[in-house]
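Every chain is named by a letter (A, B, C, D, E and F) in the order it is written, and numbering of its residues begins at 1.
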Amino acid sequence: MKKIEAIIRSEKFMDVKEALEKRGFYGMTVTDVRGRGRQKGMQLQFRGRVMEIDLLPKVKIELVVTDEEVNDVITIISDYARTGNVGDGKIFIIPIEDVVRVRTGERGEKAI
Amino acid sequence: MKKIEAIIRSEKFMDVKEALEKRGFYGMTVTDVRGRGRQKGMQLQFRGRVMEIDLLPKVKIELVVTDEEVNDVITIISDYARTGNVGDGKIFIIPIEDVVRVRTGERGEKAI
Amino acid sequence: MKKIEAIIRSEKFMDVKEALEKRGFYGMTVTDVRGRGRQKGMQLQFRGRVMEIDLLPKVKIELVVTDEEVNDVITIISDYARTGNVGDGKIFIIPIEDVVRVRTGERGEKAI
Amino acid sequence: MSERVRRAVILIAIVSLLLLVTAAPTLAISPLMQGDATGAKTLKEHPGWPVDFAWTLICGFLVMFMQAGFALVETGFARTKNVANVMMKNLIDYVIGSLAFWVMGYAIMMGANWPSDNLGIIGTTGWFLAGKAYDVSTMAIWFFELVFCATAATIVSGAIAERPKFSVYVIYSAVISAIIYPIYGHWLWGGGWLSSAPFMVKLGGGYGALDFAGSGVVHAIGGYIALAACIMLGPRIGKYDENGNPRPIPGHNIAYAVLGTFILWFGWFGFNPGSTLSAHELRIAVIAVNTNLAGAAAAATAMFITWVKNGKPDVGMTCNGALAGLVAITAPCAWVNSWAAVVIGIVAGFIVCYGYWFLENHGIDDMVGAVAVHGFNGTWGLISLGIFADGTYGVYTTAGPHVTGLLYGNPGFFLCQLISAAVNFAWAFGCGLILFWILKKTMGIRVSPEEEIIGLDITEHATVAYPNFVCTETGLPFSIRGGKE
Amino acid sequence: MSERVRRAVILIAIVSLLLLVTAAPTLAISPLMQGDATGAKTLKEHPGWPVDFAWTLICGFLVMFMQAGFALVETGFARTKNVANVMMKNLIDYVIGSLAFWVMGYAIMMGANWPSDNLGIIGTTGWFLAGKAYDVSTMAIWFFELVFCATAATIVSGAIAERPKFSVYVIYSAVISAIIYPIYGHWLWGGGWLSSAPFMVKLGGGYGALDFAGSGVVHAIGGYIALAACIMLGPRIGKYDENGNPRPIPGHNIAYAVLGTFILWFGWFGFNPGSTLSAHELRIAVIAVNTNLAGAAAAATAMFITWVKNGKPDVGMTCNGALAGLVAITAPCAWVNSWAAVVIGIVAGFIVCYGYWFLENHGIDDMVGAVAVHGFNGTWGLISLGIFADGTYGVYTTAGPHVTGLLYGNPGFFLCQLISAAVNFAWAFGCGLILFWILKKTMGIRVSPEEEIIGLDITEHATVAYPNFVCTETGLPFSIRGGKE
Amino acid sequence: MSERVRRAVILIAIVSLLLLVTAAPTLAISPLMQGDATGAKTLKEHPGWPVDFAWTLICGFLVMFMQAGFALVETGFARTKNVANVMMKNLIDYVIGSLAFWVMGYAIMMGANWPSDNLGIIGTTGWFLAGKAYDVSTMAIWFFELVFCATAATIVSGAIAERPKFSVYVIYSAVISAIIYPIYGHWLWGGGWLSSAPFMVKLGGGYGALDFAGSGVVHAIGGYIALAACIMLGPRIGKYDENGNPRPIPGHNIAYAVLGTFILWFGWFGFNPGSTLSAHELRIAVIAVNTNLAGAAAAATAMFITWVKNGKPDVGMTCNGALAGLVAITAPCAWVNSWAAVVIGIVAGFIVCYGYWFLENHGIDDMVGAVAVHGFNGTWGLISLGIFADGTYGVYTTAGPHVTGLLYGNPGFFLCQLISAAVNFAWAFGCGLILFWILKKTMGIRVSPEEEIIGLDITEHATVAYPNFVCTETGLPFSIRGGKE
C-alpha cells in the first residue's frame, strides 16, 4: 500500500476530486498548506506599497491506495491538476506499512 | 520507528489525547484536516436551499513511536476514537528512517 | 529520495526558510500544526480564570530531497530552529518511493 | 420535517389566528375610537413636544442598536461552532419580542391599572396598539418601552448559550416579552404598586420605589431569569472537570466582544438619558456624564482586579466590568452626582468579578457572565440609588419632591429600594424557574450531548458560520486541563 | 499600469477638469446670489426649525450608517477571496455617489421642474450646490437625499458581487447617483409627474403616486438595476451544475451578515421616520412603530418558512426576511396602522423567500438576494400603500387631504400606485439593461474566469482580506454537490 | 504578580486615594454652592435650549461611538497576535481618559483662565465636576469635550501598536487626557491665548486662531504625539530589511478596517456638526455637507493615486484617504463652501498618501498611518481654514464678525492659523517626546523582542483573540521579501 501525497493548486482541487470520484477513488484526506518551488510568488500591495509573497496557498490531498492503483491515481491527478504553468504541484509516493480502520479494527488492504 | 497517522473525528480528539497521555504517550502533532470516505457527508442549508457537504472536518494526529509501541498506540486510538458509525477514521503506519531532536541534535529512538 | 518533516517553532520559521533558501533549498510545503512534547504548554486567562494550554502552535515544513542532501538539510534546520529550550521541535526522515512533477509528468529525482 | 417542528408550527399558526381574530374588531376600519393618530391635536396642545418626540425616538433607536452589541458580546464569547445560533437567537428575540410586546406586553405593562389605581398589579389596555392606543404619544412610549423589553429578553441568551434548543428560546422570548417583563415593569413604571401604592409612597417619603432607566426593571429581571435558566439547563459539557472545578471555555473572537461592548456603551446613552422621555429635562446632561463615569470606573476596577490577581489585565473581564458599571448606574443615573457615579462604578467592578467567579465556582455556567453583570449589578443599582440619591432631581422630572437616599437622610426610601430589589429577584428568578421547568417537562430544553458537541450551528440551523475558515477546537479549549482560581 | 487603468484615469481627469471649470463661475467669490448660507434668515423666519434640522440631519446620519450595514451583509454573504473587493465597492459607491450627487444628481432630482411645473421630467437647478443652493435648508435636504441615493446605489453591489470589474462598478456608481436614481426620484419626490401631474392627482383623489420613504424610489430602483446587472453579467462560476440546478455558495461569515442586518434595522429608523424631514410631524412615532413591526413580522415569517421547509430555521434567510419587511413598509410606513404593518411584513416574508428561490431557479445569481429583498418588496411596498392607507395622515404632512387606499375605499389611488410601480420597474430595469449593455460592449463588465476563481481581492486589489488566517474553499463550497429545492 | 505590576497598582492606589481625599470636601453633602443641577433654572432662562442639549448630547454620543471605529481600523491593521491588545488599548484609553478628564482635564481645558483673562494659559476651575460645575450646562459641555479628548488619546494607540507595554499605554492615556490635550484645547477653545489674546485677535481681524471641530485641537495633537511616540519606540521587528527598506506588514482583517472607517465617518457627523453645540445654528446643514464631501473627495483621490501607482486601487489607503479628508475638513467645516470642501479633500488625499510613504521611508513605523491621517491633515485643516474661509459664518456662531481667509482677502487670519499650526506641532510633538522619554528612562516603554514576536495578546494579556481559528504568519507577512516603492 502507498500513500499518495499530492500538492496541487487550490483552484484545481474540485476538478481533481471529481475525476478521482468518477474512477472510484472516493476516500481522501485534504489539508490546506502553503508551498513554494519554482513558482516565484506573487505581488500584493498594502496601503499602496508593493510586496512579494513567496508562499502560496496549495491544497494537499492524501490518498492511501493499493500498490496496483498507484499509477492510476497519479495519472488522474496529473491530468486534472495540470495547467502547464509552474506551480502545478508535486505528487509524492510514500510507503505504508499498515492501515487500520478505526470503526472495525480491520487491517491491511481491506481497511483502505 | 514508525509514524502513526490517525485521522479521527474532531469530537473524539480530546478522549484520545487523554487516553494516550495516561499510557505515557505525550508527544504528538495535530492538524486540522477535512476528509471523506464511506461516510457520505452531511446536509446543510444556505438561505433555505439545501446542500450536500462531502468533506467533513477531521483531526489528524501524528505520533512517532518505536516499533514496539506501535500496536499499543493503535489499540488506544482505535478504542477511544470508535463510535461504530462510518466516519470513525483510519490509522496509517508509515516507516520512519530517522528522528532528530532539534534542541539537542540527538538522533534515533532517543530523540522521539 | 527522502521527505524531511520538520516541526519547529512558528517564530523560527522565517529564519529557517531564509537559511534553506541561501543553501539552495527553495521548494517546500508548509502547514500550521499544533504540537506537544516535553514542553509543558502555557498559561492563559479567560475572564480572569487561569487555564493551561497543552497544544502549542508549531509550523511543519515538508521538504523532499535526494538522499545526499538529507544531512545538509537536517543541519540547516537544526541550526536555525534551535533556541536550546524544550519545544524546539523534531525532524522526521521518511522514505519516498517516487516523485511526480504534475506540470511535466517527470518522475524521480529530476522531479523534485 | 421533524415532529417537534411540526408541532411548533401548528401551535404558532393557531396562536396567530387567534390573535388576528381578536384583533380584527379593534382594527375595524372606522377610526372613530382612536387616539390622536395624526399628531395634529397633540402638537397643538403641546407645541414644545417635537423635541421630546425626537429625543425619545432617537434614544430609542440607540437602545435598539444595543441588540447588535449584545449579539457581538455573546457571539464573541461563544465558540465557533455556535456562532450562527447565538447570532440568530439575538435577532429572533428582538423579532418575537416586538410582536409579543405589540400583542399584549405593552397593554400589561403600561395599560390602565388593575385591580385598582392604588394597587396596580397589571395593566389592561392597549392590546395590539389598537383603538385609543393608535395615538402618537402612545406609539412613542410603546417604541421606547419595546426596546427596553427586548434588552431584558436578550440578556438571557448569552448566559445560557451553547446548549438550549432553539425552539425553546423562541418560546421563552415570547413569554418574557409578553408577560414576565411587563408585569414587573408595570409595578415600577406603569403606576403599579411598588412605585405608587400608598404604603410605599409613605415609606419613601413622597415616592415609592424608583428605577430611573431599569437597573432592576430591565437588567436584573433579565439577569435573574438567566440565573434560573442556567440552573435548569446545567453547565455545558466540559465546563467542569472530574473534581467539579470550572474550566474556562474561551470565546472565539475577543474583537467581537470588545466591539459589542463599545456598541452597548454607545447605546446606553440612549438607555439612560433617553429615559427622561423629554429633552426639556436638561438633567439629561448629568445623566450622560454619570453613565459614562460609572462605566469607566467599573471597567478600570475590573481591569486592575484581574491585573493584580493574575499579573495581566484581562480583556474579557474588563468588558464585563464596563457593562457592570453601566448596569449599576442605570437606576440611580438621574439622582446622584458624579462622585457617587464613580463610587457606584468601582463597587460594580468588584461585584462583577467576584460575583462571576463565585457563580462559576458553584456550578452556574453563565457563558457571558450575564448574571453577575445584569443580575447582581442590577440589584446594586437599585440599592445604590437608595443610598446615594442627593436630592437634586425629582420623581422622573425636574419638579419636586426631590429624591434623597440613605446618605442624605432618607432611610425610608432606602427601604423602599430594598423591598423593590427583593421583589425583583423573587419575581424574575421565580418566573424563570417556573417557565424553564415547564418547558423542560414538556418539550425538553436542552439539545442532546452529541448535538452540543457538534455545535448548535449545524444541529439547530444546518449551517456553519465561517465555511471558508479552518476552525479548530483542538488547541483551545479542548486541551485545557483544569482551570485554577 | 495597465492600459485599462490608464484610460480610466485619463477619463476621470478630463471629467474632473470639466467639472471644475463649470464650477468656477458659480463658485465665484462674491456670495451675492447665494441662498441663506449662514442660516440667520431662515431661523428668523422659522424659529421652530432647529429641531427639524436636528431631526433631519441625525436621521440622515443613521441612513448614512446603513452603508456599513450593507457592507457587512454583503461581505458576510461573499466568499473569503472577495471580501476586500465587496467592502471596497461599498465604500466607493458612497464616495463616488457623494461627488456625483453634488455635481448633478441633486439638481436633477430636486431642482426646478422641466419642462413645466405641471409635468416635471427632470430638475434643472442646484448644480454643485452653488449659487442659490448655498443655503442651509437646501443643504439639509441635499444631505438627506444623498444618503438615500447612496442606499439605492449600494444595493446593486451585493447582488452582482464576486464577478464584475471594479472599474465598471466605479462608473456604475457615478451613473446611478448622477442620473438614474435622481430622475425617478424627481418624478416622486421632486414634484415630477408621477406625484404631481394633474391626471395623476385626479386619479388619486387629490394626490398622485406616493412613496413615503422610498420602497420604490430607493429600494426598487436599486433592486431592479441589480436584476438587470445580474442578467447582463450571468451567474458566478460554479453557481449552477451541469443540469442547470442552482448550487448554494455560502457566504464566509454569517456573523457579519447578522450584524449588518442589525445595523440596517437601526439605520432604517433614520430612513423612515426621518423622511418627515420634520420633528413637528409627531406621526414619526407611528412610523417608527410600523417600521419595526413590519421588519419583525417578515423576519419571523421567513424563519418559519425555512423551518417548515427544511426542518431547521435558516439564519441567512431570516436576515433577508427582516430586510424585506423593512423595505416593504418603507413606502406605506406613515399611512398605515400597526395591524397593517404586521400584515405587510408577513407578506414580505413570503415574497422574499419564494422570490429569491424563483430567481435562483431561473438562472439569476443574486449573491445577497437583493432583487427579492429590495426589488420585489419595494414594489410590494408601493402596492401595499395603495391598499392599506387608512386615512390618518396627509401627503407627507399632518394636514389633509388624508391618504386612503383600496381597503378604505380609494381604488383610484391604488391605481396610481400600480402605475408608479410599473413605471418604477420599467425605468430601473430598462436603464440598468442599457447601462450594463453599453459597458459590456465597450470595456467589458466581467473579470476573466481565472480572475474570478482566484478571487477579486487578489486580482482587482492585489490584497488578501485575512492574511493571517488559513482560508479554504475545499470543504465548502467547492465540495457541494447539487443543491436541492 | 510581577514587580512591575505591583508598582503600578500601588501607584494607582495612592493616586486614587489622593483624589478621593481632595474630592471629599467639594463633594460635601450640602449642594449649597452648586450650579443648576436640576436644570430648572437653566430651562426657565433659556426655554429654547432643550433642542440644543439634545443636539449636543446626541452628537456627543456619535463621537463616543468613534471609539469603536478607531478600535476596528487599528485592529484590522494589526496582526492576529496583537488583536486583543489593540482592542484593549482602545477600550482602556476611553476608560482612563474619562476618569482623568473628570478629575482634572476638564478644569484645565475649560476652567477660568489663568494667569489672566486676556492671556489664558490654563484653566483652573471645575475639578471633579464638583461645586459650581454640578450644573446641567457644564455637564453637557463636559461630556462633549470628553469624547473629543478621548478621540485625541486613541489616535496614538494605532500608530504605536504591536510593541509598547500595556502599562505604559495606561499611563500615557492618563497624561494626555489630564494635561497635554486640555492645555492646547484651552488655548483654542477655553478662551486661551491662541484664540483670544489681543495680539492674535488684532492679527486675525476681529478673531484669533480658530478651529471649528478640532483638526488641530484633536487630530493634530493626537497625530504628533503619535509621531513622537513612534520615534521613541522605534519600528517593529521586521518592518525594515537589512538595507533599511520598509516591508509592508499587512493587517489581519481588512473588513474590520473598512467597517471602522464607516463607523468613523458616521461618528464624524457628530464631531463636526455637533461642534456648534446648538441646533439653532442652522449652519449645521452646511457643516454636514462639507464634512461628507471632503471625506469623499479625499477617499477618491487616495484610491486613484494607488490605482495609478500600482495598477490596482488599494483598499487600506482608500480608507486612510477618507479619514484624511474628514480630518482636514474638521477645522474649516463651518466656514467654507462645498467647492472648497472638495478641494480640501483632494489635497488631503495627496497628503495622506505621500505623507505616509515619506514617513515609512524615513524609519517611522506608524502602523495605521495616524501621523499622516491625523497629524499632517490636522495641520492642513488649520491652514486650509486660513485659506478658504468665505465669510458666511461667524466665530462659532451665526452672528458676525464673519470669518474670511486668504482667498477672501484676510492674510492676517491666515497668519493666525499658521501660528496656531506651528504651536500645535511644537506642543504636541514636544510633550510627546518628553512624556515617552521619561517613561523610557523609568519603566521602559517597549516589550522585549521575544514578547513582540510572540505577540502582545499572549504576553501582555495572557489571551488569544481567536482561539478556535488556525492563524498563521507563515504565508504573510513572514514571507514578504522587501517592499518596493
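The rule is simple: contacts are C-beta pairs under 8 Å (C-beta built on N, C-alpha and C of every residue); 3 or more make two chains touch, one makes a residue touch a chain.
What you see is a predicted model, and the numbers here were worked out from it, not measured in a lab.
By the document's definition of touch, common neighbours of chain B and chain E comprise A, D. A repeat of the B-D interface exists among C-D, A-E or B-E; more than half of the contact pairs are identical by residue number at A-E.
Among the pairs A-E and C-D, the greater number of C-beta contacts is found at C-D.
For the touching copies chain A and chain B, the fraction of interface residue numbers used by both falls below half; the interface is of the different-residue type. With centres set at the average Cα position, the gap from chain A to chain F is 51 Å. Among the residues of chain B, those touching two or more other chains are numbered 30-32, 34, 36, 44-46, 50, 55, 57, 94-95. Under the contact definition stated at the top, the residues of chain E that touch 2 or more other chains are 51, 54, 58, 250-251, 253, 309-310, 312, 314, 316, 461-464, 469-477, 479. Checking each pair of chains for touch leaves A-B, A-C, A-E, A-F, B-C, B-D, B-E, C-D, C-F, D-E, D-F, E-F.
Within the complex formed with chain D, the residues of chain E that make contact are 48, 51-52, 54-55, 58, 62, 79-81, 250-255, 258-259, 261-263, 265-266, 269-270, 273, 278-286, 288-289, 292-293, 295-297, 299-300, 303-304, 307-316, 318-319, 322, 337-339, 342, 390-394, 398-399, 402, 407-408, 469-473, 475-477.
Across the interface of their complex, chain A is touched by residues 246-251, 305-306, 309-310, 312, 314, 316-317, 320, 353, 356-357, 360, 369, 472, 474-477, 479-485 of chain F. Residues of chain E touching chain A in their complex: 238, 453-454, 458, 461-464, 470-475, 478-479. Taken in their complex, chain C has these residues touching chain F: 10-11, 13-14, 17, 30, 32, 42-46, 50, 57, 59. Partner chain F is touched in their complex by these residues of chain A: 34, 41, 44-57.
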